[in-house]
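Each chain gets a letter, A, B, C and D, in the order it is written, and its residues are counted from 1.
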Amino acid sequence: MAEIGVGMLGYAFMGKAHSHAFRELAYLAWPPPLLPRLVGIAGRNEQAVGEAAKRYRYDYATTDWRDLVADESIGLFDNGGPNSLHAEPTIAAAEAGKHVLCEKPLGRTADESYEVWRRVAATGVKHLCGFNYRFVPAVRLAHELVQEGRVGEIRHFRGRYLQDWGDDPTLDTWRFHPDEAGSGALGDLGTHVIDLARYLIGEIASVSGLVKTFVADRQVDDALETAVEFESGAVGTIEATRLAFGRRNAFQWEINGSEGSLYFDMERMNELQVFGGDDDRTRGFRTVLVTEAKHPFMEFWWPPGHIVGWGDTFMHEAHHLLKAIADDGDVAPHGATFEDGYRASEIAEAIVRSSTSGRREAISFRSL
Amino acid sequence: MAEIGVGMLGYAFMGKAHSHAFRELAYLAWPPPLLPRLVGIAGRNEQAVGEAAKRYRYDYATTDWRDLVADESIGLFDNGGPNSLHAEPTIAAAEAGKHVLCEKPLGRTADESYEVWRRVAATGVKHLCGFNYRFVPAVRLAHELVQEGRVGEIRHFRGRYLQDWGDDPTLDTWRFHPDEAGSGALGDLGTHVIDLARYLIGEIASVSGLVKTFVADRQVDDALETAVEFESGAVGTIEATRLAFGRRNAFQWEINGSEGSLYFDMERMNELQVFGGDDDRTRGFRTVLVTEAKHPFMEFWWPPGHIVGWGDTFMHEAHHLLKAIADDGDVAPHGATFEDGYRASEIAEAIVRSSTSGRREAISFRSL
Amino acid sequence: MAEIGVGMLGYAFMGKAHSHAFRELAYLAWPPPLLPRLVGIAGRNEQAVGEAAKRYRYDYATTDWRDLVADESIGLFDNGGPNSLHAEPTIAAAEAGKHVLCEKPLGRTADESYEVWRRVAATGVKHLCGFNYRFVPAVRLAHELVQEGRVGEIRHFRGRYLQDWGDDPTLDTWRFHPDEAGSGALGDLGTHVIDLARYLIGEIASVSGLVKTFVADRQVDDALETAVEFESGAVGTIEATRLAFGRRNAFQWEINGSEGSLYFDMERMNELQVFGGDDDRTRGFRTVLVTEAKHPFMEFWWPPGHIVGWGDTFMHEAHHLLKAIADDGDVAPHGATFEDGYRASEIAEAIVRSSTSGRREAISFRSL
Amino acid sequence: MAEIGVGMLGYAFMGKAHSHAFRELAYLAWPPPLLPRLVGIAGRNEQAVGEAAKRYRYDYATTDWRDLVADESIGLFDNGGPNSLHAEPTIAAAEAGKHVLCEKPLGRTADESYEVWRRVAATGVKHLCGFNYRFVPAVRLAHELVQEGRVGEIRHFRGRYLQDWGDDPTLDTWRFHPDEAGSGALGDLGTHVIDLARYLIGEIASVSGLVKTFVADRQVDDALETAVEFESGAVGTIEATRLAFGRRNAFQWEINGSEGSLYFDMERMNELQVFGGDDDRTRGFRTVLVTEAKHPFMEFWWPPGHIVGWGDTFMHEAHHLLKAIADDGDVAPHGATFEDGYRASEIAEAIVRSSTSGRREAISFRSL
C-alpha cells in the first residue's frame, strides 16, 4: 500500500484534530487512498511539541518548521498553526514540492491569502484550505440536494456561527492578537459561514456589514452582521459572534428555495432538516439523520443511526485530499482550494470595508 | 358593568380575529375592564359585511365607515381594513372622540403614519397600533426578563419573520397593490420584527438593508434583509420574507446578552427558550412553556400546560386597551401606541432607502 | 337559524372550557349546525355558580341540576361536574329527552359507566363522552392517515399522559376523593390514553398493569404503567402519572407501522410528527404544522401557520355534537360515544385488576 | 509507558468498533493508563479476518480464538463475537489469566451468563461487559446528577430502544438464529435498557412483559413491552423493538423524580435534557450539550460545543477498563461487570417468562 509522509505544523487544537484524522482514516477508510505516515511535527514550545509527537506518534518533533519542509520523506505538509504562520511555511512547503493543507483563514488579509494561493498554485501541488464543515455529512447531502435541484431556485441563505466563549476580557490567546490572527470572529467563524455560503449557494456579489467589538480593550472584532446578495440574486445574512451566550458551537444556516428548504445546526451536526416534495397535508421539515451507508462519508462508519462527532469531519477532509493526491484528481468542488480560501478572505475584507464606509460593497476577485 | 360600543372596519382576516377577541375577552377575563358591545361593522362588499355582522353578532353592517364614526354609541373604533384605509377613518374616528385601535402598519409611508399619530394624539383619545405579538405570553415574559436584567447587557438581536405563501405570481389581494398596501413583506411582516426589536431591545439607530422582489410582475417587495444597530450598541439582523418555503408563520427571534439568551418561534408560540443562570454542568436553553397562572395573560386561561392559540393574542391586546380606556391609563409600554406605529414606519422606510442608496441609514424620528 | 338550549352542570375547569366552546363556535363555525343558547348552569356553590352565569352569560344559575333537567328550553345537557355527579344527572337528562355530553370518565367504575351507557342509549338521544383530544387537529389527521393505510400494519402504540401537579400531600380537591373521583391519574389521564389508543389503533385485548400511589395518605392512584396488547396483535404501553416533574400536560404517543410512524405531544398540540414515504437519503420525521385550511377543524380558524389552543378542542367537539344532533347523524367514529366511555372504564378497571392480581387481564366488554 | 497486548475475537461491527477504540484512546487520552498493542484478531472467515488484521493493524490474524488465549503477549481478551461465542472463549481467556471485555448480552441465557460470571470471577481478572452506553457522556452526567440527589426521590423510569431495520423477512444474520443469538431485540436492545435502568435507578424488583415476533418465520423476538417495578418503589416501562419505522437508533429514556427530571435520546447522544431547580416563571427542560471540559470523558476531546460520535463511547469504555487494570481498581460502578451482565440476563429471562405465564415475575438473583 502506497504511503505518504505527513509533516504537521501546530500541536494544539488543530494539530490534535488533524493528527487524529490521519490516524483514524487509515483503518476506517479501508483501503485508504494513501496510508499516512506521521513523520514530523513542529511547534514553538519544545516541551509541548515533544509531548505531542509522542502522543500522536510522529517520528520526531522540531521547533523549526523548516525541518519539515526540508524533510524529503514528507509528501504532505499540514499547516495547523496560528494565522500568522500560514503564509510562509505553506508557500515554502509547496515550493519544496509538498502537497499542502492549510487551516483557515488562508491568510490574515486578502492580500496575504492571494499571495499564498498565487505562489502555491504556481507549483502544481494539491492544495486544500481547511474549511472542514464541507466535510460534515449533512452539509455534503445539502450540497447534493441543491445541485440536483431539490430546493429549486434559491431565494435565501441565512448563515450564522454563534459561540459564547469570548466574553472574558482577561482571555489571551493568539486569536486576540491582530498581528497573529488578522481578525477575530470574522476570520475564525465568519469565514466558515462565507465558505459554506459559496459552496452551497454560489458566489457572493455584495455585502453590507457591521463589525463590532464589545469587550473592553479587545483588539479584534467580537461579532459581525451582514446583509448579503449572491450573484444569482438570492439574498440573506451572514453573521458570526463569540458572544452569543448559551450557543457553544452553533453554526446554523437555512436555505429557502422555490421547491424546498434546508436547515442545519452544527450542534446537531448529524441532522439535516429538509422541506419539500410532500403533499399539503403532511408537509413539514423532515429531521434527516444523515447516517445512511450510501452517503460518501458514512460508508466509513457504523450502521445507520449511529452518529459521528465533530472531530470526524477532519478524517473526511483528510481522506478527500489524499484521494485527490493519489488519483491526481481535483480538490474542488467538494474540498475548498486555496482559491476558495482567498475568496473567503476577499469577502471578509469587504465586510470590514463596508462596516467602515457604511456602504454596500461589491465583491471583485483577483485571478491568477 | 360599564360597556363600550365597538365599531369595526373590516370583516376579513383581521375583522374576524378582532371580533373574536372582543367576544372572547368578555367571559374569559372576568370581570372585563369594560364590556364590549359589538355595535357596527363596515366593509366594501355589502353581502359579505352583512354576513359578517350576523356571524360576529354586530347590531348592524354598513358599507360606509363614516356611519361608524357618526354613531355615538360607539366608543372604540377598530380599524382592521387594508392599509390604504388606515389613515382617514382612524383620524376621523379619533376626532369624533372615539378611542382607536388601528392595525399595523399604521400608514403606507412614514409621512402617512406620522400624520395619523399627530392628528390622533392631538385628540387625547387612547390609541393602540395592532402589533399583537407584544401580547404573546412568551413575548411579554421575554420583555420582563430583559427589564429585570436577566439577560444582562444585550449584544445581539436577530429577528426574522418567515412565511411561504407568496410564491404564486397569480395571487392577487390588496396586499400586492402598492397603493393599498404601501409595501409587501416589509409592511406586513417586517414591521412586526421592527416593533418587537424596539419593544424588547430598545431604539434602532441605523439600518443597512436589501429589499427584494423575486416574483415576476409583482409590484411590492417579497423580502428584506437588514443589518441593524441599536442605540445601545447591540447589533443584529432584521429579516422578513414571504418566500421561505416550509415556514408558515415563523416569526423567530433571538436575544444574546452578557447574562443570558432568549429564543422564540411563533410556530411554537407558547414556548420561550431561556438560557442563563445555570451551573456549568447543566447549562442549556430551557424550553419554558409559558402557561403559568401568575403570567399577566395566562390568568385568563386554563391550568398550566394548557396552551393558547394565535387568535388569543388579540384578546390579550383588546383587554389591554380596554383597561387603559377604563382606567384612563397608558397604552405604553406594553401596548404599541401610534407613536410606536409611526416609528416602525420610519425604520421600514429607512430600510428601503438604504436598499436603494447602498448606504447605512441612520434613523431620526420626528416628534409632535 | 335553528337554536338549541344548553344546560351546563359544573362551572369550574370544565364548565369554563365548555361554555367558552359554545360561545366560540357560534361565530367561528359559521353557520353553526345549531346556534347554542346558554340557558342555565348548575353548581353546588350558590355564589360561584351565580358569578359563572354572569360571566359566561347563561340566563340563570341554579344549585339544583334537576332544574336543568326540568327546563324544556334545554335541548342539550352538558355534564362537566365531578365524576360522582356524572351518572344520575346524565341519565335523568337523557330520560327527559335531552341530548347529553358527559365529561370523562363516564362513571367511577365500569359498572357505573355501563349503567350510564345502557340507560342513555335506551332513550335514543345523542350522547358524547368528553374525550376532547379526539378533537385536536393533529389527532384527527393521525386518524385519517392510519385509516388511509399511510402507516401500514401497526406494530406499536406507546401512549403516556404526564403531568406534574400532584406532588403535594396537602392538595385537596374532589380529584383525590375516591368516592367523588373513582380513581386518580387512571380516570383523569389514563382514560384519555386508553380512548386515543382505541380511536387510533383499535380495540385493546389485554393489559398487564401496575397502579401506584406515591404521595403519603393519598387515597387515589398517582400513576400507572401498563403493557398492552391490541386485538390486531399490535403491542405497546399505556402510562399516566401526575408526578412527572417538568411535564405539564405532556400527552405523548407514538405509532409505529410497517409503512410509517406518527408521534404527538400535547404540549405541542399543533404539530404531528409523520414518518414515511420518503426516499432513503431524506427520510426523517416531518414536523407537520396541522393548520391547513382543508383540515376538518382548521377551516374554522386562521390562515395556515396560525395555531390554535387547548381550549379550542372543546369548540371542535361541541360543533361535532351539534352537527350530529342537527343532522340526526352519528357521533361515532370521530366522537366518543357513551359506549366508548364505558369501554374506557372497562379497560381502566382491568388495569387495576391486573395490578392487584399480578396477571395479564384479558378484556371483555358487555353489550347492550 | 506500560503496554498491554490486546487479542480481539470478531472483526465485524463490534470488532471494528472496539479496534477503533483501542487505536483512538492511545493518542487522545494522553497518557493512556496502558498503551494498547493490537496483537491478534480471530474470526471464522480466513480472508475477512486477514483483511481486518491489516486494516486495524493487528500483528496477526487467526481463525482459531484459542491462538489468542494461548498467546502470552496478550493481556486483554476482547470478545466481540456472536453471542454463542461469548461463554467458552471468555472463560478460557480469563482462566489463562487475561483480563476480559465481553460484548453484551453476556450469555444467551441467564444460566450461561451466570456460568461466565462465576468462572471468570473465580480467576480474579478484571471483567467488563460491553454495555457501552454507560460511557455516553450524557449518561454519565445523568448518573452523577441522580447520585447527587438532583432529581430527588425517583418515581419513574421509562426506557425504550427503538430501531427499524428488522422489517425484512429475507434478512439473515446470526442475530436471527436462536442458537447463535439466544434472543432477538431482547438480548440485542432490551438488555441495554435493562442495564441503564439498573445503572441509573437501581435494582429491578419485578417485570410484567410481552415479547412479540411480528415478521413471518422469524425465530427470535422482534419486540418487547414491559411494565417494571424497582426495588425502590419507582415504576416504569422497558421497551425494545426492531420495528419502529423511522427510529434508527433511538435509545430514549426519561427519569422523573421529586426534584427533577432527565431525558435522553441516543440519536442526540450529546444532549441531556435536564429539568429542575428553576423558578416557576422560567422552569423548563434544559437542553444541555454535554461537552464541558470538566466532564470525565470530555477531557479527552475538543473544546466545549464540539460533539463526539457513537463510536467514541467504546474509547471511553476501553479507557475505563485499562485504568482499572493499570490501577488494580474496580470496574464497577461506572463499568458493567460480569455480575451486571448476568443480572441483565436474569431480568431479560424474567420478561420472557412473564410473557409466557401472563404473570408479573419477581426477580431473584443468584450470588457466587
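Simple rule for what comes next: a residue touches a chain if its C-beta (ideal position, glycine included) is under 8 Å from a C-beta of that chain, and two chains touch if they have at least 3 such contacts.
None of these values were measured; they are calculated from a predicted model.
Which chains sit in contact with both members of the pair chain A and chain D?
B, C
Measuring between mean CA coordinates, which chain is farthest from chain B?
D
Distance-wise, how many Å sit between the C-alpha centres of chain A and chain C, to the nearest whole number?
The mean C-alpha positions of chain A and chain C differ by 54 Å.
Just the number, please: Cα centre separation of chain B and chain C in whole Å.
Measuring from centre to centre gives 35 Å for this pair.
Could you state the distance in Å from the CA-based centre of chain C to that of chain D?
Chain centres of chain C and chain D, defined by C-alpha means, are spaced 41 Å apart.
Could you list the positions in chain D whose residues touch two or more of the other chains?
Each of 247, 283-285, 289 in chain D touches at least two other chains.
Which positions of chain A touch chain D when the two form their complex?
13, 16-17, 19-20, 23-24, 26-28, 30-31, 51, 55-57, 163, 165, 247-250, 267-270, 289, 291, 301-312
So in the complex, which bits of chain A are touching chain B?
By the definition above, chain A touches chain B via 151-152, 155-156, 158, 160, 162, 164, 167, 208-210, 212, 214, 222-223, 225-229, 233, 235-237, 239, 241, 243-247, 254, 256-261, 275-276, 283-285, 354, 358-360.
Hey, which residues of chain C end up touching chain A in the complex?
The touching residues are 141, 145, 271, 274, 278, 280-289, 292, 294-295.
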